[in-house]
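Following are the structures in question.
The same chain A turns up in both complexes below, where it pairs with chain B and then with chain C.
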Partner chain A sequence: MTDTTRKAARPVPPAAPAGPTPPTAARRPRRWRGVTPWLFLIAPLVLLIAFTYAPIVNMVAYSFTDWDGVSPELRYTGAENYAELFTRPELFEVFFVSGYYLAASVVQIAAALYFATVLSFNVRFRNFFKGVLFFPYLINGVAIGFVFLYFFQDGGTLDAILSLFGYDGDRAWLGTPASANVSLAGVSVWRYMGLNFVLFLGAIQSIPGELYEAAELDGANRWQQFRHIIAPGIRPVLSLSVILSVSGSLSVFEIPYIMTGGATGTETFVIQTVKLAFQFNKTGLASAAAVVLLLIILAVTWVQRRLVPDDKVDLV
Partner chain B sequence: MNRRTVLALAVGAALLASGCTGTGGTSKGADAEAPDDPAKVDGTITVLTHRTDLVQDGTMKKYAAEFNKTYPKVKVEFEGLTDYEGEVKIRMNTKNYGDVLMIPAVIEKKDYPKFFASLGTQAERSKKYRFTDYSTVQGKVYGQSPIGVVPGFVYNKKVWSAAGVTDWPTTPAEFLDGLKAIKAKSDAVPYYTNFKDMWPLTQWTHVNGSVGCDTRATTRLAEGNPWAEGADLRVGDQLLYDIVHSDLIEKDPTTTNWEASKPRLAKGEIATMWLGSWAIVQMRDAAKQAGTDPADIGFMPFPAQKNGTFCAVTSPDYQQAVNVNSDHKAAARAWIDWFTDKSGYADANLALSPLKDAPLPDVLKPYEEAGVKLLDIDDTKGAEVKSIDNQSEVGIYKPDYRQDLVDLARGARKGSLDDFLTGLGEKWTEAQQNLGS
Partner chain C sequence: MTRRAVARALVYLSLVLATLVVLLPLTVVFLTSLKTSGEMADDSGALTLPDDPLNFDNYVTAFQDGRMLSAFGNTAVILVVAIGGTVLIGSMTAYAIDRFRFRFRKLVLALFLVAALVPGVTTQVATFQIVNSLGMFDSLWAPIALYMGTDIVSIYIFLQFVRSIPVSLDESARIDGANAFTVYRKVIFPLLKPAIATVVIVKGINVYNDFYIPFLYMPSEDLGVISTSLFRFKGPFGAHWETISAGAILVIVPTLVVFLFLQRFIYNGFTRGATK
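Let's turn to the complex of A and B:
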């Protein structure tokens, strides 16, 4: 290594004098230079392949078998699992539940954008509020599930708070499919808004300050500043957030799984897949379902990228 | 080769290598024979158990110390697993799953010889023990449950008698009237579903056999439609539906809490729950802690009679088995035999002993006095029932369909009970035919 850097640091003479210098001496540092980045990449590549791509390949392999998850025998069944998936439309009905989470992610992004904009200006207790907004994202999802179970209990925290304001606080929030899904989507907004917020805040703060000064001199108000400086400035992050929240809405899992276990019409596609794999021991079919979900998410992302190309931001 | 090709090749090679990870299974079918001379057995054995509470409070250590009096050279270690099913299932893809373990529900019966060592032939073991056919493959037994349970309604005697019901209801209709009387005359929740905790709902499947009083109840599940008119499961599900539909349950089933429900039943805030005899100990403990009389906890059979007698099916808990890969099979076998015969574990849990000639536990005295007939169900078709259950995705041993049933009954789901049960029956019989062909 030291050899390479020393050689690289030294300015190379423009024209090597035709001397007895052997050609290998000149070639060796160049070859090393080609290898060095790979040396640095070995660790992350090994981790990436071992823990991301290898399991995916295994999953795809299982999706062509009838494995039950534990038996030493597994039979290759070809595309039978996929055929079964697509001939059972009821397996895809659960995607309607994702609609609740899609709607919630609109609220989530709007709220995150609002808070990020407000807190990027000079506001009192700015850092405190930043912490408050980001905090939920740091809590373990399982803990959140349990906390909110008490929150939504009949006569629980939410009812108690509502009764302070004079509403009759006595409702089964998770009792009907609609109210259960809305409640769960609310929890997911509470949890993930902090992440969107931090992303937006970072992007907003990377916009040069002179732009605001100039805008203020020209008499632009806050809304105009937002409309013409902030919104275009953070467009790449905004479109990333939209992609993340769409794929997140399609693959919602932990909050409904912990809080309701998919009962009362809150079952999502991933919960259904987990039940296929671990309740009914159809690991093969569940793997096929997981592959299909992966493909759906890739397709949705691709469509989005087509609709909103990742333009280079040019504010000045 | 440019960089991209190199990268693609590297990734491809790694992926191919990983794609070849097979599940190497053994097909040994070894025997774990009972040792002749206790003094000669030695080795360290690891026992995997779901009773984390007993591992933590030292009860298991006491059992081991007692065991060492007979088998001084065997060292017993315990591993308590909180998510027993989930963890053991994954460990069973390797050879390292303890020396003694409880057979997880996920293992198919026909695979038992690949994973466990045989404990002997059924012909010989069934003379002494109950539940042998639950783990018999080709005449050999692979597991032995240390306790047996009987299903029934755990109820608060005070609440029921205050509502004017002192005799056990003998029909579902009478039972419903009893619950209605409780609702009218007290503040107690007549029936608590434990909907959110899910597994208590699966207990309703143990109705099977209690209604028709037929030892071939499991065989009938394998061969017929469990939701046909008058079939056991239909009678049970109909009762659950009626209870929920008549609004005799807790107000918000989606946020129930099992741990909190125990003291509430002891205090009389909850009148009834459908569970198993294993729950009585826990309820009595809860009563002691809540400062109420443990004797108030009662236990009654399913409200159905055949020729004037109640029936209750006996069923095994987790069955202990010996790992086929174990190096200390004799010691492992010795532990299972000792634990089943001599440990007193069944007595401590007020449970049915797996020994055929043992007397009934105290908690079942009321059953004995009322002449409730205990049925040892024939389980030769048990494996088939499980296959049909998984294949059809109905899940009679899973909570989902009963959660749907409760939702249906309380109006959180559209449809009629008849259509719902007919649909289940269709799925079931279709899976039956697919497996048969």
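Let's turn to the complex of A and C:
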């Protein structure tokens, strides 16, 4: 899909004023012609600037102050907030929690890739499996949080299942930092695998069927078909999934906030920022933290676009 | 057994396992929602069946004490206004960008593009101050404005579609004396129906499920949407898992119904919406 649109877009001369404007428009007064597009763009641009760009600019400004978010006074403190952020280990520790979610993303993408490949061939009950695997992605995050709080509870679902197999249940799965983070990261795999799966499935199905037939005639087995037809065919989607997982792993909020509130070492970067800003009224410090996170995510995106240049966001 | 048959069996085994992993936690919560507090207390384990499979008392408690009716109402208002706004704004943006060549067009495009790279959660600290200074804090307007604000995905979907509408249609309408607004209203907008369906579905699911924005911007209890109202179950119902489960199922069921009816469109919507 991306390819054809890019081709279609190419013949249009970039920003040439005399481009494909309808010839009849010349009948209309000249000054109106320049204004018309802006009439359509006023509302979107106002919203875009008010809720995306103004906050970014303000945030950078706040990050150099000691503002508490409420009082009219604010003092310019230079890079103090950034220094505090990088020198107080407990503020920086939250980044290690992201490691659990990054590791989980690897599992998630691998599983999605496997199921998408399997279900793109003829399998019985294909639509049923497709629906089941995708459905968790559509469920409300709070509901998922509660479902899995019960799942991991003492004597809850997981313990009951394990005791069926003879393991002694009664473990506090959310009791120690390591097992709590692994459990929460597992929930995030459960929740988001379906999205990757459906994206991969769509990409695989857009590969022309003749390719498989030809490969089969040449005696290629399933693995060779995957290696030489499917993998190259879904590369853009795969790289998009990787970038989404990295930025997703850095900005985890819902599941840990709902399930543990950030207790037992499960506090993530966003939970910490929300707490700093809205509980401890440290807007300045929270802004600095948010700027750091934003820069990291932009850097990751930039690196990814460098590495996979054919996956440009195709808007123009 | 041949190798091929073994491989096939393993594939089915993996699919069945995955199905169990997805369905088991949900099934257990559903079973729990049908149990009485007495059954929950006698510690019979999470996997036992409820004594009375038609015991819907917990649903009544969850629905009434959890104020789910007003939550569904608030969610519906936000859904309708925010999605209507997104459709209008997204299609207008796409029309202006695709059909006109004007100064700063590249800049406008770049502004929308870069905004897509900025995850909303990172800027909330400062967005909060703006929403607050506009007097929208703790009102339904805050989430509505924020959902309409920077929906790059829907703009992208609309752009793809506007591009596929032949310019000759615009031109013939122009020859008949239509101005830009009439072209947009009478020619472009009606032809965007498939794109609108996609945007409504993708956006609708995101808005229905969002927790972060209503949680931050609408703290008062009257303004609870389904996610924040459900979140509040954590307090009053504490360890009453039968009520919490009923609340969770109440929230999940509408999604399930919509999913079963619109399955195909939902898959298409997500492949189109996310692979930008």
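As a working rule, the second predicted complex is superposed on the first by the 244 of 316 C-alpha atoms of A that agree within 3 Å, B and C clash if a C-alpha of one lies under 4 Å from a C-alpha of the other, contacts with A are read in each partner's own complex, and residues count from 1 in each chain.
Assume a contact is a pair of C-beta atoms (placed from the backbone, for glycine too) under 8 Å apart; a residue touches a chain by one contact, two chains touch by 3 or more.
Here the structure is a predicted model, which is why all the values come from computation and not from measurement.
Of the two partner chains placed around the shared chain by superposition, neither chain B nor chain C is touched by A:Phe86. Legend: residue contacts after superposition of the two complexes on their common chain; A:Gly156 is shown touching both chain B and chain C.
Applying the stated contact rule after C-alpha superposition, one finds that A:Pro136 touches chain C and leaves chain B untouched. Once the two structures are superposed, chain B and chain C can be ranked by residues of chain A touched, with C on top. Contact with both chain B and chain C is seen for A:Gly69 once the two complexes are overlaid on the shared chain. Residue contacts after overlaying the shared chain place A:Lys275 against chain B, while chain C stays out of touching range.
In the overlay built on the shared chain, the residue A:Tyr53 is in contact with chain B and with chain C. Applying the stated contact rule after C-alpha superposition, one finds that A:Leu174 touches chain B and leaves chain C untouched. Once the two complexes are laid over each other on the shared chain, residue contacts for A:Thr260 go to chain B alone; chain C is not touched.
Contacts of chain A with chain B, set against its contacts with chain C after fitting on chain A, overlap at residues 45, 49-50, 53-55, 58, 69, 153, 156, 278. Of all residues in chain B, those touching chain A in their complex are 10-11, 14-15, 18-19, 21, 23-27, 86, 89, 92-93, 104, 106-108, 111, 114, 195-196, 198, 251-255, 389-391, 393, 395, 398-400, 403-404, 407, 410, 412-413.
Note for the complex: chain C touches chain A at residues 7, 11-12, 14-15, 18-19, 21-26, 28-29, 32, 43, 45-47, 89-90, 92-93, 95-97, 100-103, 105-106, 108-109, 111-113, 115-119, 121-131, 134, 145-146, 148-150, 155-156, 159-160, 163, 167, 170-171, 174-175, 179-180, 184, 205, 208-209, 211-212, 216, 226-228, 230-231, 233, 241, 244-245, 247-249, 251-252, 255-256, 259-260, 263, 266-268, 270-272, 274-276. Residues of chain A touching chain B in their complex: 45, 49-50, 53-55, 57-58, 61, 67-74, 149, 152-154, 156, 172, 174-177, 180, 260-265, 275-276, 278-282.
Those residues of chain A that touch chain C in the complex are listed here as 1-2, 5, 8-9, 14-25, 28, 34, 36-41, 43-45, 47-56, 58-59, 62, 69, 111, 114-115, 118-119, 123-124, 127, 129-136, 138-143, 146-148, 150-151, 153, 155-157, 159-161, 163-164, 190, 195, 198-199, 201-203, 222, 236-237, 240, 244, 247, 251, 253-254, 258, 270, 273-274, 277-278, 283, 286-287, 290, 293-294, 297-298, 301, 313-316.
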